[in-house]
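Just below is one structure, and these are the notes that go with it.
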């Protein structure tokens, strides 16, 4: 169905390639209808090369990866094209040959390592099984398994062999899966979102490991990720997928620095990059929505959202146009310069957050959970304040207490005695139920997952109307008017109001959730990872919306996120949390420029950046401790590369001032930190 | 942690046929049809059709039994223990009553009691389950213990006990079965509520100050309607099962009434004498009805759980 | 482990107490004259009063309740109202007789239904699967007494293949007993086939679709190896739970089956006791059923813990 004549599939000849996919077409049969999921995907990977596939949800990147291993759901079918691994056609293999192929020639690493390992078998047994398949006897296989664990930098392989998967942390589990995948010294290693769901510092470890192992083994790598930074860091070349086709391909750095396809251009512009802030400009968005997955598209797949599309784009599937060592599937590659820098670079007007009065103050806020008579301190003595119209970004990994902080502020969880949450200077009761109507109206929340945050059996209108009545006391026609006004402000059409949440896309759902939070003109909105379940182009629209609303209404935000570039874009100040404690707090620029708490320093260096990494990565040893059992002294000392023995492990560190508004909780003097962190 | 939990195709790569693309974000028009689509899928299942045909045959018998039966089901005659023949299709019993007419007329009792008992049991069970699941804590602990005690005893046994104490009128049977189904339904509903309780829409309702009953009945209840509908259809099947077993054990409507269970219990005494028809035909009637109800329940369940 | 057992023991005691109370409450919910009930409408009034006095059934309810609780705590369930015999002497032999049928039923049904469930899962949505699922649905929806009645009318009466009366004469050999017990056991086995097969199928399908099954397949294991080494262990936990719960429910179904076959087991005994409102006998029988239920669920939990290290290591 694609244009075979013009296809220069890739720069690697198919015969010598570790993986050569040509014109791959896959359909899923749903309710008796074949839906096209891959519409002629072609690429190849040279031996030892790392190739990345990126794209947003539903673009078909994972299907491509699984099709390469010939592992499709029972309703999925390869209807066209070829997959050659080292010259062998995977689509034509017999069952036995396929088994042998999987055992010896190609391996896979999966998204969720906790699920990928058999929960009832010891790690050792699962690992040994892989070596037994290669014909090794029991003793040999055991030796090989130990060696494999050492190879993935597991320090005490004997102990790990005897563990069950659930007894290992996520990072360790993924190492075990990688060890298993490398058992056969495969020529092709397929990684499907291997670090999605892992904490930033752990993710960095795993990525570094993959990078090292690639050098050691010389395996070709096919990497699937939606995080462009990871692909840039790890892959030589990248293919950008959209709606079942590769629309652009080329060396990773080139593609990310100077994209040549309208979709890639839109995608990259929607990311907050190069330290851009909301006060400088709003983010670009891609108009329109993804085509319905599986629909028949004998056109350019991006045509409906493209700013330079012509009739030609609607009539013909564009060819892969070669541009040196790169390709772009666009009829108008020569005209991509015409794509307007959509929205004009108008900075969003902000009042400077720290002037004026504080709307929210937290003093000595702690939260201890009890589980089986054991006390688990999730928040320890948190001190915070938030100005009118200010955004306070909160970052931290799992167990840092950032979500508990949000819940405690809102009264979903009651804070421990001795602490205070003050709204406009007045102390609030500990739980929502005890707070008065005005306090409820003043503090609302936007949740991470809009699917769970909206009642799925209510219409959008009912969701908003109920909040209007409950939070503002407005009833009758006035309430209905208020809903209409609010919806219009958030660019929801009257048609949207009649729909149920499941009929809306993720971005629209999050808009509804934001509208609900803003029903009563709140003073403070707590946003708990509001964009992490969304694709990047949708994320941009939501971030713009939040900025606009803030500029308009002078709302203060507590913004929780693990994404440093999003935090940097939106926040006026940043608080870094670790194990329930604030380790560093200060204005955004100061936090990003340093000096930093050693943990912040490591965290900042761990983030894979689309623009290439400029910081040297700081390794953190060990694993994130559980809040149930915090280390003595400074809670970060066991992992801290700068820890001072004898001090950090016994004495709680003081809060030091790096500037009038920037504090760091560390034993090391600020001046010393400045020296140490000089780049 | 990189970009969170975006549901990519990877999450649906498991080889399950129906679910494979269900999580993807289809067009809005398609979603709007989802509910109608479910109903259409249920109706198209062969087991649903077969089940319905059988159930409706029995419903017609229950409503118009007296007009359909060739003889009066209560009328004694001299021809006792006649084997099946052209005159008496299913033979006659020990007092010469026509077994076929009695089977036709016997549909009435069970179809009157069983569905009502199931509905009542589900209503009570839903309320109890909502309280246990949402209010939780101490109350849930105490109620769970009691529910567990009830569940550790066979329903039939307690029902038998209660009915022999209270007398065996239709109302008592109905009430007892409903009460005994309550903890079973409550357990299912409680589990469903627990899965909902921690979702953010409930948190959001609390943040705007909704009352507990409002959250239970207006926010959560509509979202667990799927499992409740499934539970209801399954319970109707069990109600038929239970009611006919009880009447077999002598805890059903009093003797002259042509109840299927009672007919089997009258018949099996003479089985060893080779008179099998007085037992077999009412037994098959019970079997056909319970199977039919369960076929319907099963098709509802498989469609609702797949979506 | 010992902590886990202690917790279970405590909850078992509470549950048993609730059971005894439920039975007492149901029997006494309506004021009634036990003596009149047992001696019949034509017995002289004086005799009825004397009878009630002897049994203590004329005492205030609270006193009766406390006495029955004391009997339970001392594991002496008192004497039957009806026969005056010690409850335990009646209940235990009856349990033994019912146990024979139950054991036979499980021996028949467990292997057949587990294998059928696995086959159905492997052939999901194919004809074999549909057949097993629908047969299972039918078999589990029919009340046991109906299955028993049909079995008797067709096999025992029409074709003379088995005995319509299940109670073997004393001194019958083990094989001889089988001829008597087979028909009632099959009647019960048929009912449980449906539950077990469907549960096994569901468990295996879930495991087949799991990520770890995918990992195993991608390692290059054959379907058979994946099934044996990775699927079954994880898939059978729900089946084991169902079996244990069924052991409790078995005593509901067994009443009907024993009535059809005129078998003097625990089911018949409970039927008689319920009819006669024989509180001590009923309490004894009901608590016995409760104890069996709790023991079987406890054993099931232990087996599941043995299969699942996470439960074993974290909860015990």
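Which chain is which? They are A, B and C, in the order written, and residues in each are numbered from 1.
The rule we apply is simple: a residue touches a chain if its C-beta (ideal position, glycine included) is under 8 Å from a C-beta of that chain, and two chains touch if they have at least 3 such contacts.
Note that the structure is a prediction, hence the values are computed from the model and not measured.
By number of C-beta pairs in contact, A-B leads when A-B and A-C are compared. The greatest centre-to-centre gap from subunit A, using C-alpha centroids, is found for C. Averaged C-alpha coordinates put the centre of subunit B at 21 Å from the centre of subunit C. A separation of 46 Å divides the Cα centre of subunit A from that of subunit B. For the pair subunit A and subunit C, the distance between C-alpha centroids works out to 52 Å.
In subunit A, the residues that reach two or more other chains under the touch definition are 71, 110. Shared interface positions of subunit B, i.e. residues touching 2 or more other chains, are given as 13-17. Residues of subunit C in contact with two or more other chains: 210-211, 214. Contacts from subunit C toward subunit A in the complex involve residues 210-212, 214-222, 229-230, 233-234, 307-310, 313.
Listed in rising order, the residues of subunit B touching subunit C in the complex are 13-17, 47, 145-146, 148-150, 152-158, 160-162, 164-166, 237, 241, 244-245, 248-250, 261, 264-265, 267-268, 271-272, 274, 276-277, 279-280, 283-284, 286-287, 290-291, 293-295, 298. Subunit A contributes residues 28-30, 35, 37, 56-58, 60-63, 66, 71-76, 110-111, 192-193, 195-200, 203, 224-227, 229-230, 290, 292-294, 397-398, 410, 412, 432-433, 437, 440, 443-445, 447-449, 452-458, 466-467, 470-471, 499, 502-506, 516, 529, 532-536, 562-563, 608 to its touches with subunit B in the complex.
Looking at the complex, you find that subunit C touches subunit B at residues 11, 14-15, 18-19, 22-23, 26-27, 29-30, 32, 125, 134, 137-138, 140-146, 149-150, 152-154, 156-158, 164-165, 208-211, 214, 248-253, 255-256, 259-260, 270-271, 274-275, 277, 282, 286, 289-290, 293-294.
Here subunit B touches subunit A in the complex through residues 1-18, 20-22, 24-28, 30-32, 34, 199-201, 203-210, 219, 222-223, 225, going by the rule given at the top.
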